[in-house]
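Note that the chains take the letters A, B, C, D, E, F, G, H, I, J, K and L in the order they are written out, and that residue 1 is the start of every chain.
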């Protein structure tokens, strides 16, 4: 297992509900085309405001997944 | 729209409930005196501890808003 | 009060539920052996993915506590 | 002169033309309400893309100005 | 619109003319294979020198684009 | 107390004497127009040199103050 | 040559032997599917520990490669 | 001497007088329980404000000390 | 396993041989007093020079270990 | 070629015209006393403001050049 | 004046007395061989500890000076 | 010894063999023209790739040396 190579890809998930849901959305989308997702790291937490309220959250994550050998 | 100028202001919201609520509190307060809030970015997530428990969260955000032309 | 000395320790809490719960777990564990916890700061938010879903969140915090005089 | 106090404010200027024009726009807007602007520093250079082309540049700067004594 | 997921890719454009042209080149190249480009952020500005003059600029950007749902 | 909102403003104080005096000058100036100053953080320590000697120190701080509810 | 566009991809290589071997493994894996690799930069050096010893090193690199024109 | 292992610990010292005194207080406190302190590095300089004046400085340092062999 | 709490400690290992050996020395020393070491991350690579040659390397790492439940 | 040693020097160029011209000025000045300049990297973009307009840009770069063998 | 080129050099001054004296020592030494020193910026504040007390402070600064035209 | 002033210079060493050898090459080259080298710090680890293999490593270091009094 120790000689695996991982690729790191960066995604921004958005959600009206909150930070964790935005991360879930990004990972759900990634899992539709990528296998063997292993870990993620939050790199940026932002959001859009409309009429003085949070319209949606935008959370950027790096996702690591194992490349086939 | 492309020649707007935005001002960025920095606020710390606090909340007993959690991170998102602290951000909401900061944006609610800002919207009482500033119009045309557009986006925010979380720059620091901290909190105070009392009796071994989280007493309140303190989340610092930058808020961007459009300046009148 | 102004001449207190604080020690800063770094912990990673994990949780299946989310970010705030991971922070709670880290602070609960710290409060079992350390007295006079005062504040925390989130320094890293990561997580593990299994079968395309978030298996658990891992949130690293710095905790400050007062040293006895 | 050595005991002046400066305030630092953060603005994002945008422009269809380019980076320097976006900075000019931000400073022009600031000079309508603030006197004694002294310096600026570029902290972020971003932009929006439409139809595969740069629609406008968005450059964030910090501006320092002397406070009246 | 709030539940879109964006992918962030990193490109380095180069140009003999200058910074903005290097960014244009990178975005032009990206738009040949990627649809729905939304934004970019400059992360590094470098260049090569030959015979004591700037031979070409190399500007690295992150580009965000919407993933199909 | 846990639901206060703080505003963070950035000032540069200068002084011929040294770092702490430059910070004092910035806070003194801020306290003439802002109430409820709570904390500060030093973000940059610079200075000007004339005739091979330090002419004055320039220390940039962020100051947090409570917004009225 | 000056108007090439490079894509930057991020990989984590692992190795029981050490840092350089982990970088080699990542580049070897990348070269199986990508042509025209040009440069790399180490962005993170980590590792796993088992039974009090280093089980394997994990080195993250950014790799730049020329895109076809 | 070249194979020593050092432990790095992080402390925040506070003082009504100034930055250097806050560092002294932190090191004095550390030296009551730790032997073989070797070096320190200032990582953060903050303070509390009361009635528009600096109530006390809070300086965070990392301290390195030799572990017994 | 998902609710473990990890403590992160910072050590500097030194070695005449090189970077990896300095990391090994730090981890070997840590494993004499700490159980359940899990991972490390290199945060700083420095060294001392004597007579124009590297006398020893000094590599600082953060080590994470599981706290007993 | 692989065993060359490069020296990195830091210069700030200024210009009334803009960012690229400030970089040109710095490199032109460097090439009067240094041979074998190879690359540069922009590390800071600032400027001075007079009468509400940009008086001159100040761009800091690192320049790498080959040392004679 | 706007087309000057500045060189930036990095020095570490040390002092038994404190931070400002260490900066003074570095600037005094620089002014013995360099003319037209203009500004400095503190980039690191460290120190050595002997017998549980601060033996000397070590402050690293960048110094900018005008190059002759 | 406490009032020494150190100059910090930045070099990039390259090597076909690996990271430590690239650092050795930079220090060897520096020691041909500079006396009293004291310490170094690795600030960047990069490399060039040819034909899918590492052609040479390029490691940038800061070197500190004592200035004559």
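The rule is short, and it goes like this: a contact is a pair of C-beta atoms (placed from the backbone, for glycine too) under 8 Å apart; a residue touches a chain by one contact, two chains touch by 3 or more.
Because the structure is predicted, anything quoted here is derived from the model rather than measured.
By that same contact rule, can you tell me which chains touch subunit G and subunit K alike?
Per touch definition, common to subunit G and subunit K: L.
Can you give the rotation angle that fits subunit B onto its twin subunit J by Cα atoms, in degrees and rounded to the nearest 5?
120
Could you put a whole-Å number on the gap between the CA centroids of subunit A and subunit I?
Centre separation, subunit A to subunit I: 30 Å.
Considering subunit F alone, which of its residues make contact with at least two other chains?
Residue numbers touching two or more other chains: 9-10, 19, 30, 48.
Mind listing each pair of touching chains for me?
The list of touching pairs comes to A-B, A-C, A-E, A-G, B-C, B-D, B-F, C-H, C-I, D-E, D-F, D-J, E-G, E-J, F-H, F-K, G-I, G-L, H-I, H-K, I-L, J-K, J-L, K-L.
Help me check something: in the complex, which residues belonging to subunit G touch subunit A?
Per the touch definition, subunit G meets subunit A at residues 9-16, 25-26, 29-30, 48, 55-56, 60.
With touch defined as at the start, can you tell me which subunit C residues reach subunit B in the complex?
Interface residues on subunit C, with respect to subunit B: 19-20, 23-24, 27-28, 30-31, 37-42, 63.
In the complex, go through subunit G and note every residue touching subunit I.
18-19, 44-49, 52-54, 57
In their shared complex, at which residues does subunit E touch subunit A?
Result: residues 1-10, 62, 64, 67 of subunit E touch subunit A.
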